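Look at the two complexes coming up: subunit A is in both, with subunit B in one and subunit C in the other.
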Partner chain A sequence: MIDRRSVHPMAWIAWATSAGFVAFLTTDPVYLLLLWAVSWFVYASHRVDADHARSFRLFLTGAAVAVALRTALVFFGTVNAANTTFSFLEGLRLGTILVIFGTFNAVTDPFGLVRMAPRHFHEPALAAALALSIAPRTVAGVGRVRDAQRMRGIRIRGARALPALAVPVLERGMEEAHTLAESMDSRGHGAGRRSRYRPQPWTGRALLIAVTAVGAAATFLAASVGGWAVLHPQSSPIVWPEADPLLLAAVGLLATPGLVGRREA
Partner chain B sequence: MSDALSFEGVTFTYPDGARPALDAVDLAIDEGSFALAVGPTGSGKSTLLRAANGLVPQFTGGTFAGRVCVDGRDTLAHAPRRLADVVAFVPQDPGASFVLDRVEDELAYGMENLGVDPAHMRRRVEETLDLLDLADLRDRSVRTLSGGERQRVAIGAALAAGPRILVLDEPTSQLDPQGAEDVMAALQRLVHDHGLTVLLAEHRLERVAGWVDVAIGFDRGRVRSGTPADVIGHLAAGPPVTRLGRMLGWDPPPLTVRAARAAAASATPARLRSVAPAGNGDARGSVVAEVHGLHASYGETTVLRGLDLDVHEGEVLVVMGRNGAGKSTLLRVLAGIHEPAAGHVRVLGTRPRPGVDVALCPQEADELLFNDSVEHEVRATLAARGEAGGAGPWLAALGIAGLAAHHPRDLSAGQRLLVATAAVAATEAPLLALDEPTRGLDPGSKDRLVGFVRAHAIAGRAAIVATHDVELAAAVATRVMILAGGEVIADGDPGSVLGDSRVFAPQMTRVFGPGWLTPEQVAEALT
Partner chain C sequence: MPTVAAALRRSVAAALVIVAAMIPVTLPAVTRAAPACAAATGPHAALVIDTGTGTRSFCIALDATTVSGIHLIELAGAQDHLAYGFGSGGQAVCRLAGVGPQGDDCFADYPEYWGYWHGDGHGGWTWSSTGAASARVGGGALDAWVWGSGDSGATHRKPPTMVIDDVCVPAASPATTSSPARSTPRASVPSSGSPSSPTSTAPSQPGTTRSADPSARGVAKTSPPGGPPTAGALAAPPGPPPASAGPGPGLLVALVLGAALAGGGWLRLRSTRGRSAS
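This part shows the complex of A and B:
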């Protein structure tokens, strides 16, 4: 179910941009891990449906891989505690940004974004939404093809079995893209006229989510510019990371979507 | 009356085509006609349909000669999007045609592009929701819909844009019998009351022959249009009543059950009443699959509730029921790729081993083709079990030996389905499960599929087939089971189960009463 009373997509854009910005400004593991927790909380209380949930798990895996790879980069230089810690924290930041993006992807209907895009941005917005919908569709397609091949006694294991999985998934993807392009053109896409069907209302709740998120980002920006809190813990020598109460509260603000509930009363 | 759609000397060849897909086609479709395109797979029906709004040749390339006019506009001079206000097109695979996510938004998409004003748009969406019985689906994501629901949403989305011409490629292929009837009735109402022009292609002629007023026969790119009686009445592969009429020499052969009853009454097949119909056989061997107290669900939706079922050697069990009744889920559980929530499922005494004891050809059969030729496709299955044999016997059994060297991608949807069936059957699993195996199949291919499945069962194995196609059930089943809301509501021999149903009765039952299933069976009893 896609509820018309769900949160306005613009509020999610504000949330994701702000949370991403916060992650970008810090390598302090306390804030970063708290951001993972906040993202999980928001995802758990707002996920759209099963397909999106599956692609969220994909982003989680991606984030874990990013942390591991970035940490492993240390082996290209001098391996010591300080370098390893530095690499790990950089990786953690990258992973955090991925998790935030995964949450955004799981809680918004990308096509809701298209519908509210201003007329001149309609084309790029639709292109972006179609691109975003590829991830969940491909995940679903991989599952179906794997099942179908098992029926022929073909197990998808190892590189030799790859064509049995990749060829149908890619071929179908191409075919669907072609049908979609035909369908859009047949249905008047790009004919130059446009009107909008039932725009989603901007609500107090959406405003609250957007304002708290921007507030969180502004607090971190102030700390970064003003230098009144440590955002990048020292790694040589390694010291226990600090946690400024105000910044902790700012990260906490990003949990607002999870507290206000899924839909308007 | 003026022409809504006209083809003048149209010859078209696809970029890699060896011969023209359309060959010197001259055709005029009047405004307010309800026209049906009929003909075997690959005879040019889809090509003609796609030429009606310029997708052919504008999206396909190839060589095009002649002129197609829609409401006076030349399709070469206008891009498909510039014709969207006049002609709407519903493709064969409706799922891939959806642009937005929510059903209600999808219905409005075409109107948004045409700049229809919001108040008018809102009204038109609500009307369309009612017309195609979609109100309950309004907030659903199109990705979560069943095949039949998708088809209805796609038709609704095309209609909502308010076109004067509606073109549909196999619009009932995924619908249950009642759903198909509802869609045809809705289309006819629009044709009669609002002057809509409809052009559709369909293989299941028994579902559409009685509704249309023009038929266009296709044969290797050439077309001939006329009254339905004229065109369909002369087809060897007509609907069952027409086939019976041809076998018995009724002139003209009937197109509808009603006409067949009238003909049967005057031609008095009185002997029929004294003869008990011969069934499809009920040879039952030992148990192949057993299911007890099966519950299955998807996420929070319960799909099957407490199902009991035994499948025996020699049986062809056909599972029917409306869209979403749980047919596909039952097949997936039996095939071992859907974990039941509760219950006992055994195939040959063990948990189902996919590809060994049981093989399922899924609805999206395309998704298991990955080789560069039809021959290699079947060999890939044989190789997986360490067999070195050739694909020949499997292809021959399904009547596609001539396609062995073709790339599966170059085949029609129906032909690909047969290739997938051969590739799955080549596992030689004792339980063969087919999910909706006649989508896109022309009647000739369907007959061969029937022969193949029956041979599989007669050889001491078993088959389970989920389908909406009542004529397939009539021809192939030794036993029919009807599901509703995840429960079995009827189970028994096809003569009594199908004979006892208003929705699932095949044409011969409707004409001659319970027990009569196929025209061949009736003709045999009469001669």
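This part shows the complex of A and C:
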């Protein structure tokens, strides 16, 4: 039953865009926290490898920091329960978007995305792929340098040791970028004679993921435009957030990637 | 290999552009500080909403030297998520914080309606002689809306005694525009609509379809009748956080769904690890 092939990158783009859009539309903690759970489930089912797992953890930490910082901003104004709640919910939305992005990072190969791009958009796509892969590659690089330094008996601790860590990481990053560019050039990228080696199949599974994700986003858009459900719970005074059954189902739809199969390790 | 170097340079530049483009997306969310009374900057006015079951007060940063009473409510909606609904073409106040009629006729619940008061700066209140659309509110002024019956300031329920310092903690400026000279009775809302079927004396009925709609921030688009009424949206005194209605059944479903997803993810991760180790 388990499909060993990976999911088409376009399906992941559709999933991440839709999930991010849903998070953008609401400050209801019910939907937002559910999106955290959905992201976690999808990540657990589809993560690519250990390096990407590390980058997911990085985004998770970043999201927690974003929530804390956004909530702390309340100290610049009047501190009361309503304002703190409002700030926290805004931060939670920001954090949710980060977690979704982290999931997208962990389940896709950014350079697989470059292959998808039409020839004319190849360079912007390459730029986007580089931007997307900077976080996981830097995290992986830091890990490798740390291991190497430890073997040499250098303890990386505190701010003074930062150069010892940062210089090799940056150097390595530059080196990797050069290698990548050269290898791409040798394969005909940018010269208009690039071939498609083993194109990614657009499976029914990928289609299902894309369609359910877009459906979820459309449901939230309808709620936002139509106003038939509360997307921004009142914080002054604080009331219990509401959970509309249809919107709960829409968030549940975003868990489709975790349900229709998983990546074999 | 000039093409490689050029492509790399362009790609890095484009990557920087993408990162830069993301900054304005995240920045407003970060820099838009708490919607609160930063009393030190700019003029502020106080808005007091008394629904009969509770009183809420807002310290509102004005976006002009003086604003209309209507615009003060709009500002409260933007800054503090006060839900409101206007009638008579945006001239009259029908609905505040989920209390009041939903349609364009602000006297649909007559004899209950929103009475409009101005603070006199010494804790007292005077009945507004003008409608909210033409009333001018400046820095340090107090405006109050009280849900109740009574056709004039003599019979309508008054808001609790209050001065600007009670709302805007370190007061922005002393009361400048709130003059005690407004005393003509009954002009807060256009006298349209016929007094119909007097509602019960309960000031607000958070159980009926027209009540407590804490929906979207700002404009109260008023959820359809039959939508889940959330009682107690405003049923609390100012100050401590209010005791709100309990959580709805949807929350339980969400909790179960979230737990299932989190647990499922954990199991997946564990089984994957186990397989790769073996």
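We take it that the second predicted complex is superposed on the first by the 241 of 265 C-alpha atoms of A that agree within 3 Å, B and C clash if a C-alpha of one lies under 4 Å from a C-alpha of the other, contacts with A are read in each partner's own complex, and residues count from 1 in each chain.
Criterion: a residue touches a chain if its C-beta (ideal position, glycine included) is under 8 Å from a C-beta of that chain, and two chains touch if they have at least 3 such contacts.
Just so you know, these numbers come straight off a predicted model, no measurement behind them.
Contact with subunit B, but none with subunit C, is seen for A:D109 once the two complexes are overlaid on the shared chain.
Shared-chain residue A:E182: touches subunit B and subunit C both.
By the touch criterion defined above, A:R172 lies against subunit B but remains apart from subunit C after alignment on the C-alpha atoms of chain A.
In the superposition on chain A, A:F86 contacts subunit C only, with no contact to subunit B.
After overlaying the two complexes on the shared chain, residue contacts for A:P245 are found with subunit C alone; subunit B is out of touch. Residue contacts after overlaying the shared chain place A:T138 against neither subunit B nor subunit C.
In the superposition on chain A, no contact is made by A:T203 with either subunit B or subunit C.
Residue contacts after overlaying the shared chain place A:T17 against neither subunit B nor subunit C.
Shared interface residues of subunit A, touching subunit B in one complex and subunit C in the other, are 126, 178, 181-182, 184-185, 189-191.
Subunit A contributes residues 1-4, 48-51, 109-112, 114-115, 126, 133, 136-137, 140-141, 144-145, 147-155, 163-168, 171-172, 175-176, 178-191, 193-198 to its touches with subunit B in the complex.
Subunit C makes touch with subunit A in their complex at residues 1, 3-5, 7-8, 10-15, 17-19, 26, 29-30, 32-38, 54, 56, 58-59, 80-83, 169, 214-217, 221, 223-224, 227-228, 230, 232-234, 236, 240-242, 244-248, 250-251, 253-254, 257-259, 261-262, 264-266, 268-269, 272-273, 275-276. Within the complex formed with subunit C, the residues of subunit A that make contact are 30, 33-34, 37-38, 40-45, 47, 69-70, 73-74, 76-84, 86-87, 90, 93-94, 123-124, 126-128, 130-131, 134, 177-178, 181-182, 184-185, 189-191, 227-245, 248, 251-252, 255, 258, 262, 264-265.
By the touch rule above, subunit B contacts subunit A in their complex via residues 53, 55, 59, 79-82, 84-85, 88-89, 91, 93, 96-102, 104-105, 108-118, 121-122, 125, 139-141, 143-144, 157-158, 161, 299, 332, 335, 337, 354-356, 359-362, 364-370, 380-381, 384-385, 409, 423-424, 426-427.
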